[in-house]
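The next part holds the structures, each set out as structure tokens.
Each of the next two complexes has subunit A plus one more chain, namely subunit B in the first and subunit C in the second.
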Partner chain A sequence: MVTVDSPTRAVVTSRPSRPSRRTPPDDIPLSGRERKAVRTARLLLWPALAVLLLVTQVPFVVTLVLSFQEWNLLKPGERGFVGFDNYVAVLAQGEFVSSLFSTVLIVGASAALSLLLGLGLALLLDRKFRLQGLARTLLITPFLMMPAASALIWKWSMLDANNGMVNWFLSLLGAGPVSWNTDLPVLTVIIIVTWQYTPFMMLILLAGLQSQSPEVLEAASVDGAGPVRTFISMTLPHLRQYVELAVLLGVILMLQVFDPIAIVTRGTGGTKTLPYLLYERAFIGLDIGEAAAYGVLSVIVTIVVATIALRLLFKIFKAEGVVR
Partner chain B sequence: MTAVTALSRARVRKSSIRVLLTTVTWFVTLVFFFPVAWMVITAFKPESAAATNPPTIFTEYSLDNFAAVFGSGFGGYLINSFTASVVSTAIVVALAFPAAYALSIRPVKKPTDVLFFFISTKFLPLAAAVIPIYLVLQQLGLLDNVSALTILYIGMNLPLAVWMIRSFLMEVPREVIEAAQVDGANVRTEMIRVVLPIVAPGVAAAALICFIFAWNEYFLANILTSTLARTTPPALSGFQSGRGQFLAVLSAAATTAVLPVVIAGWVAQKRLVRGLAMGAIK
Partner chain C sequence: MKTEGQHMQRNSTGSVTRSAGIGIAIVLSATALTSCAGAGGGGSAGGDRTTLTIATVNTPQMSDMQELAPKFEEAHPDIKLNFIQMSESDLRDAVTADIATQGGKYDVLTIGSYEVPIWGANGWLTDLSGPASESAGYDVDDIMAPIRESVTVDDKMYAAPFYGESSFLMYNKEILDAAGFTVPEHPTWDEVAEMARAVDDDDHVGICLRGKPGWGEGIVPLTTMAQTFGGGWYDMDWKAGLNAAPFVEATQFYTDLIKDAGEDDPVSFGFTECLNLFTQGKAAFWYDATSAAGPVESPEQSQIAGKVGFAHAPVRDTAESGWLWSWNLAIPASSKKQDAAWTFMEWATGKEYITLVGEEFGWSRVPPGTRESTYEIPEYREEASSFADLTHDIILAVNPKQPGVNPQPWVGVQYVTIPEFQDLGNQVSQQLAEVYAGRKTVEEALDAAQQLAEKAAPTDK
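This part shows the complex of A and B:
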């Protein structure tokens, strides 16, 4: 499966590591050579860290500062420190709470649906059949598609009320035309996001399925366990950590979903997720202070999710020997 | 006798289940792929046959829509996308490889803390950083500038690249590096001459993923560019039109825009899995 039983890693970890290979403990004085090695390592690491700090961390700090200011680009003269006014305004308007609800609903539903579909597809693909590689290739395509292109194709080609292919299929079944975009905006966004992320879930779960040892499965079948029994008592427990990983990474990516909302629904009908709300406030409303407050609040929401996620991730990575 | 027929009956049942499952697999696969296939088909249709109910299949297919797409200046957007994606990916790899090297082979204090700092920046919403970035770029007169977008893509993809390349470096046998050190190789030789060739396929996979994410990026490009530095994702929306039909030309533009990444992804699909799972899975 993962790093633990890879032969090279086994060699590396089973051998007592030499001092020069280990992170030097703080209390033991280092030899000249070791000190030089640490310095070189820092030198290799710093450029990447510096760029990352500059491009991602500094803007967050500035956002935090801006969130305590009154600053509307339409009224340039009235800039100043206002304490928590922006936060009070943001929370009092109630848009934040409804936006949080939209975000949770869309991300939750899309994550659950794409996980179930991804699991089903992974199980179907984890068998030998003709042109298996082609089926897999076709199935991963939605994830490779540019999200903006996907959103436009779904909006106009698939879900259009008059000429969309989905309504045409429904009419063959005798169901009336559905105005997806206007009547069911939340479902429309969920359909598009689910379509995009199902291949992602599928790929991770398929990797999990294919890492099961065939000997164990064979032994189970020799012992008289049927396919259902084998699946429940062997495959599912083995798959658990892959499911966790897939959900975790999927949710983190989905929390930032913006393209289908900006392109298809423009935040109407309960699809105003946090990123879209912030975009609207800052770049349509031009209210920098309030938008920054939304930014800080969405960072807090993400940190809550990410802390839980990171802890889980760390556990998974530790179990798999990725991090020592 | 009866035992034999029971056995063959069981075999027949088993093979019919297999046929059923394969049929289901192909059915679902084609349903999933249908929007992509339909986009490509529509791209070759005349505008009058593109958005009809019921759908038109038999019509005169041509390359006219692609000619219209490139006639409207789409080539410029593709070049901007290509520049931002290629340059940012090259710099990301140049920064990420030494960093990943330090985190896996060279001793660094608390490597996991540094690693988790890297990945935590990936978790924070871009939306929260975009306002100051917009204001600063505005002050510097760098809005609608490909270089500015490129720098942001470097920050966006760096964490993922570090994680991914590190996961490949962890597999390099220590003996190889130790042998190089005994031979008196310095860090640069050790890194570029000895280790890089071994992990080259992994580095290529990481580069491909960074390229895909940069090529497909919409949020920053939509906010920070307008005409000169417009990249393809936000430019696609411009093919929607309030008057008249546009689906065929839109489909042609979308097909052109997704083609490079879809083909690259198909070719490298086995390695993509590992990159997407940030090296937690092989």
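This part shows the complex of A and C:
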């Protein structure tokens, strides 16, 4: 029964009895047909969800099982369940902690640097000038290159101690030749990764800059705010969500970076990140059990870090629409 | 007045379900059709031609073989060759993982004299003694004795050597003549170090020595140096000797020589990088593999062709100190293409192939160090006159059972023929890279290496 309170509102005063199962959202009551439609919709999602679960979780479960086994490919006869021995070996004698530190250092520095450079480039691109399209295409190109190709170019053409362009340029300025790989391996990897990911950051931040409403900016300049003040008080807060998105996606991609380390430094000098360490244990050490233990530990660390970051720091997933 | 929920009733009652059902049917039939098409296509691709997938290493000799593949395919139209070239480390990783898991990805493997005895003993490789002795004109005994020994276990030959090498000292005659030095035929390390330090200047370094991490890269020349200084990885009781006095002395000598007269950025320098540096005339000495002689003396590949001198590997306490290495072709025991694989290998490691390379590309590009007959070909002796006899003598002089001063319980010069050595050598070479970069002292690195070696020592041998 419906009573009309005002011309624009209908208040439902009596509700049909419902089963005790609560279906969200609770404040919109659904009739029998609508509930059936919702159930059908959910049922249709199940195949996709099942495939997703299978493809992502089954390998993880297999890795988990392997991590409790002793399996070295070079000793195929000795396989067996060994409980937590692999984990003890990894944490006590392995290079897990130093590798974690290297990963944090390289990924953190690359993300920060590429973010700053990307912001600078995005600001430069956020205006109309002749050949803007060409400039944008050229600036995006590093991100489109295959990581192995870019690592090789940096190793042989740019950072080579004898023939590299960087050392040639430094010699013009009077600085001596720098042995990039031997003396500064971490910086070498950071340079290569930053070069490849700056366009990625630039694109996201450019989208953020171009989504600023021009009326608001005009209002700011009418009120007497100069370009710097506008940037600090209006643009940066607006970009916060975009920065968060760029950092989140960028870090996810950078964590998997493998080519510069495999091609240039081969894991020496503090550049043995988690992916490279895992690769070494699995393919050079040929110890599947130990590598699986490393893998599981990496997942645990990632979940912890991601949870902290997403729940406490990032607002991007909390509010809908742009946060003012 | 309609509430929100009633909007869903705009269509007739079961239409959501019905359109969903139609959608599922379309998707399922599309999937079924695609899989049928896939199966049909797969069936017809078999045919008569066998495709051999060959895993090879990215050396100049292997690149030449790839270029000559069409000649083989012409003579054997039922076999198609598919080469997959990788760097040494990548090749090892890929092939080891494949054969240990019996993946079956490769039909012919390029493996070194390190892997052959271990994998042969594991039963992972096909015994080739039968096919080799039955093939007319293959002439197994033509293969040089130390090379043949290194791929034979219990009289079974598990691989066909494609090329063999030892190591020697190469030097730029122009630079050394200008400085007034004569390099003796059997130099000592002290002599070489003195000369290298004297000629080192801004235009060229004194000596190029490998420093790249990897068990087949930087520690190879260092191990031979340690052995001629009286040290070794293990003694007869499998006690590790990495932080014993001779090994420490050799490592300190090597590190100091690189620092004083060696290349900048030693951690980047492996065989290829030193080859580049030396052939550009930017290094006076280069201690490395005998197989570098071909590229170094070839006018298309080297700026100093014709100006290179060769000497035996420098020694201290032994008569010789060259290493021994061969790249070999082998067939996985589980392969289903044994006959086709052997047909290819017979061609690639036979006498006619050597002549083919010589005629097509020039005699200095012939794969050296496997067959005695190569060193008797007049054209080869002429073009490779500066290094052919030397290489031949050096390889025959290697004693892989006791290359150093002290006896050792394995057969192998610059590696320890245990499966753990890949991992051990790799980790030790990474420690040494820290030394070349100045981040660790020799003692610190070798103490860490000693611990690793003790852990890897076989306990049941």
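Methods note: the second predicted complex is superposed on the first by the 252 of 324 C-alpha atoms of A that agree within 3 Å, B and C clash if a C-alpha of one lies under 4 Å from a C-alpha of the other, contacts with A are read in each partner's own complex, and residues count from 1 in each chain.
Simple rule for what comes next: contacts are C-beta pairs under 8 Å (C-beta built on N, C-alpha and C of every residue); 3 or more make two chains touch, one makes a residue touch a chain.
Bear in mind the structure is a predicted one, so any value in this text is a computation, not a measurement.
Trainee: Contacts for A:Pro59 in the overlay, against subunit B (first) and subunit C (second): which applies, first, second, both or neither?
Mentor: Once the two structures are laid over each other on A, A:Pro59 reaches subunit B alone.
Trainee: Regarding the shared-chain residue A:Phe283, is it in contact with subunit B (first), subunit C (second), both, or neither?
Mentor: Touch status of A:Phe283: both partners.
Trainee: I want to verify the contact counts: of subunit B and subunit C, which reaches more residues of subunit A?
Mentor: The partner that reaches more residues of subunit A in the superposed model: B.
Trainee: Between subunit B (first) and subunit C (second), which does A:Ala225 come into contact with in this model arrangement: first, second, both, or neither?
Mentor: A:Ala225 contacts neither subunit B nor subunit C.
Trainee: Would you check which partner chain A:Asn162 touches, where first means subunit B only, second means subunit C only, and both and neither mean what they say?
Mentor: A:Asn162 sits against subunit B and subunit C alike.
Trainee: Now for A:Thr268: first (subunit B), second (subunit C), both, or neither, which partner does it touch?
Mentor: In the superposition, A:Thr268 touches subunit C alone.
Trainee: With both complexes superposed on chain A, which partner does A:Ser179 reach: first (subunit B), second (subunit C), both or neither?
Mentor: Second partner only, subunit C.
Trainee: A:Leu74 contacts which: subunit B (first), subunit C (second), both, neither?
Mentor: second
Trainee: Looking at A:Val243, would you say it contacts subunit B, subunit C, both, or neither? Reply first, second, both or neither.
Mentor: neither
Trainee: Can you list the residues of subunit A that meet both subunit B and subunit C?
Mentor: Residues common to the subunit A contacts of subunit C and of subunit B are 2, 12, 34, 37, 40-41, 44, 160, 162, 283, listed in rising order.
Trainee: Any idea which subunit A residues touch subunit C in the complex?
Mentor: Where subunit A meets subunit C, its residues are 2, 10, 12, 28-31, 33-34, 36-37, 40-41, 44, 73-76, 155, 160-162, 177, 179-183, 185, 264-269, 280, 283-287.
Trainee: Provide the residue numbers of subunit C that touch subunit A in the complex, in ascending order.
Mentor: Per the stated touch rule, the residues are 1, 3-5, 8-9, 13, 16-17, 20, 24, 89, 93, 96-97, 100-101, 122, 211-214, 263-268, 277, 282, 419-420, 422-423, 426, 430, 433-434, 436-439.
Trainee: Under the stated contact criterion, what part of subunit A meets subunit B in this complex?
Mentor: Residue list for subunit A touching subunit B: 1-3, 6, 8-9, 11-12, 20-24, 34, 37-38, 40-42, 44-45, 47-49, 51-52, 54-60, 62-63, 66, 120-121, 124-125, 127, 129-130, 135-150, 152-154, 156-158, 160, 162-163, 165, 167-168, 171, 195, 198-200, 203-204, 206-208, 211, 242, 245, 249, 252, 255-256, 258-259, 262-263, 274-275, 278-279, 282-283, 288, 291-292, 295-296, 298-299, 302-303, 305-306, 309-310, 313-314, 316-317, 320, 322-324.
Trainee: Of all residues in subunit B, which touch subunit A in the complex?
Mentor: These residues of subunit B touch subunit A: 18, 21-22, 24-26, 28-30, 32-36, 38-39, 42, 51-55, 95-96, 98-99, 101-103, 106-112, 114-116, 118-135, 151-152, 154-156, 158-159, 162, 167, 170-174, 187, 212, 215-216, 218-219, 222-223, 232-234, 236-237, 239-240, 247, 250-251, 254, 257-258, 261-262, 265-266, 269, 272-274, 276-282.
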